[in-house]
Amino acid sequence: MKRLITILAVMLMSLAALTGCGPKEAETIKIGVNLELTGEVSVYGVPEKLAFQLAVKEINAKGGIDGKQVELVMYDNAYDTAKAVENATKLATVDNVVAMLGSATSAPTLAIGPVAKQYEVLAFTPSGTNAKVTMDGTAVNPWVFRACFIDPFQGLVLANFASNTLQAKKAVVMGSSSSDYAKDLAAIFGEKFAANGGEVLTVEYYTDTDTDFSAQLTTIKGLGEFDVLFVADYAARAGLIIGQARSMGIDVAIIGPDGFESPDLNDLAGGAANVNNVYFSTHFSTLSTDAKVQNFIAAYTAETGEAPSALSALAYDAAYMLFAAIESAGTDPVKVRDALKATTNFAGVTGTISFDDLNNPIKSAVVVKLENGVQVEATIVNP
Amino acid sequence: MKNLFSKKNLIWLGLLIVFFFLVQFLIDIRVITPYYRTIVYWVGIFIILGVSLNIIIGITGQLSLGHAGFMSIGAYSAAIVMQNMPDMTGLLLGMLIGGLVSILVSFVVAIPTLRLKGDYLAIATLGVGEIIRIVILNLEITNGASGISNIKNLISWPLLFVFVVLAVVLSANFKNSAIGRACISIKEDEIASEAMGIHTTKYKVIAFIFGAVLASVAGSLYATTYYVVKPETFGIATSINILIIVVFGGMGSLTGSVIATGFIGIINMFLQSFAEVRLITYALVLIVVMIFRPQGLLGSKEFGLDKILGFKPPFSKKLRKEKST
Amino acid sequence: MQQFLQQTINGLSIGGVYALIALGYTMVYGIIKLINFAHGDIFMFGAYVGMIAVMNFNMPIYLAFIIAMAVTALFGVIIERVAYKPLRKSSRTAALITAIGVSFLIQNGMLMIMGANIYAFPQVIPNRFFTVFGLRLNMLQLVIFATSIALMIILQFVVSKTKLGRAMRSVAVDKDAAALMGVNVDNVITITFAIGSALAAAAGIMVGLYYIKVFPFMGFTPGLKAFVAAVFGGIGIIPGAMIGGFAIGLIETYVAGYGSTLYKDAVVFIILILILLVKPSGLLGKNVKEKV
Amino acid sequence: MSYLTVEHLTKNFGGLSAVSNVSISVNEGELVGLIGPNGAGKTTLFNVLTGVYKPTQGKVILNKDGKSIELSKLPPYKITHQGVARTFQNIRLFKDLTVLDNVKIAMNQQAKYGLFGALTRLGKFYASEADIEQRAHEFLKKVNLDDLAYDLAKNLPYGKQRQLEIARAMATGAKLLFLDEPAAGMNPQETHALTEFIAKIRKEMDLTIVLIEHDMSLVMNICERIFVLDYGKLIASGTADEVKNNRKVIEAYLGEEE
């Protein structure tokens, strides 16, 4: 027992010692990062971490911002809202960061938002697509920004694309019941597609842990003819669905959201040969001839050994938008927030970006066509 | 002497009051910064969860792996009520509703499943936890996979303190009563217990419901501390995190759970930057504790005042002497 | 009707996977009464080993099977020796908690080593389709189905007809008595874990080939469902694991196809609880009451 | 009407008949023995009498205060509430609890407060707890175990554990005790002490006792009547001398002789 008390006492003392250090004059510019780095969801967090690190490395190589080096203070929230709140509190009050990047998914970002507001340090999520992320009840949360378009926007884009470009009349929707991403997309797509004069025959749900979709696909096949299959999910499951649908003889066009974009899509679909007549909306296309995009792809690939995904592109843009804001406003968190809010026509790899009243980016989407697993065509679509 | 205002109770009360104001003072002078406060909140909430699971596992001997399910009932009740009443009344009302729903659900679950023994019970309760999660995932009122966000933050040190003390004191009273003795006898030997005239099913159900209600209260506090509730938060991983607290602190030792939670809270803080190591450490702790010290940190003993102040044991839980074990 | 038959085929092919994993569960439980909670993760481990053998060492698939089964068997034996053996005399609750710890350790260990990335298992066997009476069948489905039945028959033969099997059964009935009769109890348990883990590895590779996706948490859900399958059929009984696996696969598919997919997993757990209540010893099991 | 009546009791396990068509009656205040070779069904009969197993056929009736209660319809804990308690062949004490707690648990029915009282400690909680504590100590004094009250049950010497188990059964307020091989594993001195102990408590507390025993000296010494089971059937009953000379009993124990 005595030993235990000693240990506890030592810990308490070191705790007190830690609190002793107040904010020092910053020699570096500290930017907080609050991401899903472990657990299942780390597939979304890790590419963003790599993109942030790439951006920081690049800016520091160019001499930093106003001569100061940029330093990332990175914490893992493991997709746990409690951890996300703890991390955000620590970044804002202990590390005294200028601004916070993250999280990659919506749920932790929803928990970070109120903390950002309370301590007046902005939180910038590259890819939290849930519409509520930048909201505080019915009003906007002035301290939360995002770099991606929101779920409703993508739903609209895809519905229009299906009706107008593919001339589809009947659609079938599939999505994960355990993801709000899928549910929101499916709902908006359904509304818009119907408004365009189309008909959604059914919405089939499955869970995140499923790997076998044959039951749902068999049901779908039994519904008769349809023109397009909308799979509202990430590549991890969408790839499998594409492969299993093709093997069951469902060969209509398959469309999907930005989640489709992944180097693994073809493999998961059982080979590039299965990935034909597949379209997805996204933030940027590797087909783009823009030098910025090509440089990013080259740098990211050289740095990480992997091709960048939409998530890493968004994270990369978020980092640079933040750098620009810091450059123009200095390191005062409130001024940085104002500067970020005022961003207009920022030329990033995912498009030209400004913010609307709800701190969502105004930009167009790209719909990419895959043939034999390769991007063959990119269409810019405005809703 | 044997009443509510016994010397021992008064000393406890005094210590609690001192502790409360000490922490409040440290918060006021910002030695406990907002960040440490979030750690304190986590520890407080998980103390309630640990103690409540300990009632079921450590005291009654019924291995339950679905505790997070009951936590989610409280969390969602508070979240839903506070959508319309974002104030203290809303929180307390949500807590109350959560408690009632938990009683109902745990009763329905307990009657059939508690007939099962040991590992079968464990798997069945794991199933129950998953069923609760799946139901929440698919209900309209719980907002499905998105969960509920923008929950009013009402947590504060006094609020947390009141509920943690309440939960621990009630649990200790539970343990040190005829009901607690009946539960312990079930853990020791169910057949002998039944032969001693103890209605084992009844007491198992009581313990299960009691634990479920406390978990639900902890869930309500969770909701108001962390702004967001979503179904994944209350999966099997959380149930196992709570189990780790119970195992680490000692099965049957309420004070063990309290100390273990504090300990884990501090470890979490230090391992913040070593996220991957953290989960592996927990898994190892679980295995190593089971192999080398299956009774946990304190075993079934309590860390109490009796020994320190030399009181005569009020109930014979405390040993006058311990012979070779 | 056609659709119903197609769903039945779908169900049997998922069921085959559950059955393969359940075989390992049931063997270990049959011998030492331990719910090896980590069995699903051993299955995941096997899938990774097989994948690495094919992807990084360019081995032919049959060699990958052999390597993965051997490595995973060894892995299972190490787990048994390090984590479970010291607990053989402890309560079953303690053993179960340890098994949960082992499960978390394997998952997170794999996560640390290989990352959370989803890997695609190389498609080295071209997946062919047949259409029979308008039903689409696929090669791998048939392979999984056939393998699980073949393995079940082999195992049943080993346990009921060989010397090793006799030793296993004697250990299952009474470890101490078996030891007195000259059975090396430790070896028998080790071999049981080795076989169970090798089976899991085989299942892992087949799932890799069929479902492609390989990731650190892939073992958890199938592991749980395989456990339900084992209990359904009568845990400890080899043909029971088989029947349970197919039954759970079919039920799940019918619920997904005709009811609500949303509650598919909930239905599996409800079945588990019902089975435990109505006939805890499972479909093929005999009721045993605690000796007073 | 006798105190305990067993009517045509049969208990089958699968196809096996462990107890078949046994009828026994025990009078109030009697001390009877139940003997028979290994596997004769003695413990099974005890398990049916105390509700652990439900009989396949037949009834067990307890006549108490002019009322007859059908024990075979009650679960074990309710049978205990009727003043019937037992010990086990392989001691089943609450090993990690103290001697005092073992007795207190047996006295649990005497607690005069419910869940609310337990949680808030309002009402009769303190009074009732003090009362139970005091009575438990008194009880332990009576059975000469009070000096060990705070020892863990598992740390008691073997003989004392047996004694504690009997004491614990009595502490439930039982008037009818079933003792399953109380002298198993004891040396002659311990057996002797136990014999005296049983005789003493029986007199002091007005108990009716049924015991299973292999130690013939104990059975023959203190049992007033003896029942003999073999292959689940009652083959003889009577006083020690009568049973000793019964041919069927000799055959059952020694095997059939030509």
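A, B, C and D label the chains in the order they appear, each numbered from 1.
As a working rule, a residue touches a chain if its C-beta (ideal position, glycine included) is under 8 Å from a C-beta of that chain, and two chains touch if they have at least 3 such contacts.
Since the structure is predicted, the reported quantities are computational estimates derived from the model, not experimental observations.
Enquirer: Please give the intersection of the contact partners of chain A with those of chain B.
Expert: Of all the chains present, those in contact with both chain A and chain B are C.
Enquirer: Tell me which chain's centre, taken as the mean of its C-alpha atoms, is farthest from chain A.
Expert: D
Enquirer: Express in whole angstrom the distance between the two chain centres, defined as the mean CA positions of chain B and chain C.
Expert: Each chain reduced to its C-alpha mean, chain B and chain C end up 34 Å apart.
Enquirer: What whole-number Å value describes the gap between the mean CA coordinates of chain C and chain D?
Expert: Centres of chain C and chain D (C-alpha means) sit 47 Å apart.
Enquirer: Centroid from C-alpha atoms only, then distance chain A to chain D, rounded to Å. What do you get?
Expert: Centre-to-centre distance between chain A and chain D: 71 Å.
Enquirer: Any idea how many Å lie between the Cα centroids of chain B and chain D?
Expert: 40
Enquirer: Residues of chain D that touch two or more other chains: which are they?
Expert: 52, 88, in rising order.
Enquirer: Residues touching two or more other chains, restricted to chain C: which are they?
Expert: Chain C, residues with two or more chain partners: 108, 111, 262, 265, 292.
Enquirer: What parts of chain B, by residue number, touch at least two of the other chains?
Expert: 137-138, 191, 276, 279
Enquirer: Would you pull the chain B residues touching chain A in the complex into a rising list?
Expert: It is residues 31-39, 42, 137-138, 144-147, 149-150, 153, 222, 225-233, 259, 262-263, 266, 272-273, 275-276, 278-279, 297, 303 of chain B that touch chain A.
Enquirer: For the complex, which residues does chain C have touching chain A?
Expert: Per the touch definition, chain C meets chain A at residues 3, 6-7, 10-11, 13-14, 108, 111, 115-120, 122-123, 127, 129, 136, 138, 207, 211-213, 215-218, 220-221, 252-254, 256-257, 261-262, 264-265.
Enquirer: For a test of understanding, state which residues of chain B touch chain C in their complex under the given definition.
Expert: 61, 63, 65, 112-113, 115-120, 122-124, 126-128, 130-131, 134-135, 137-138, 191, 240, 243, 247, 276, 279-280, 282-287, 290-291, 294
Enquirer: Applying the document's contact rule, which stretches of chain A touch chain B when the two form their complex?
Expert: Going by the criterion above, the answer is residues 1, 4, 8, 11, 15-16, 19, 37-38, 75-76, 78-82, 85-87, 89-90, 92-94, 106-107, 110-111, 113-115, 119, 130, 132, 135-137, 176-180, 182-184.
Enquirer: Give the list of chain D residues in touch with chain B in this complex.
Expert: 50, 52, 75-77, 80-81, 85-86, 88, 92-98, 100-101, 104-106, 108-109, 111, 113, 115, 117-122, 125-126, 128-130, 132-133, 149-152, 155, 168-169, 172
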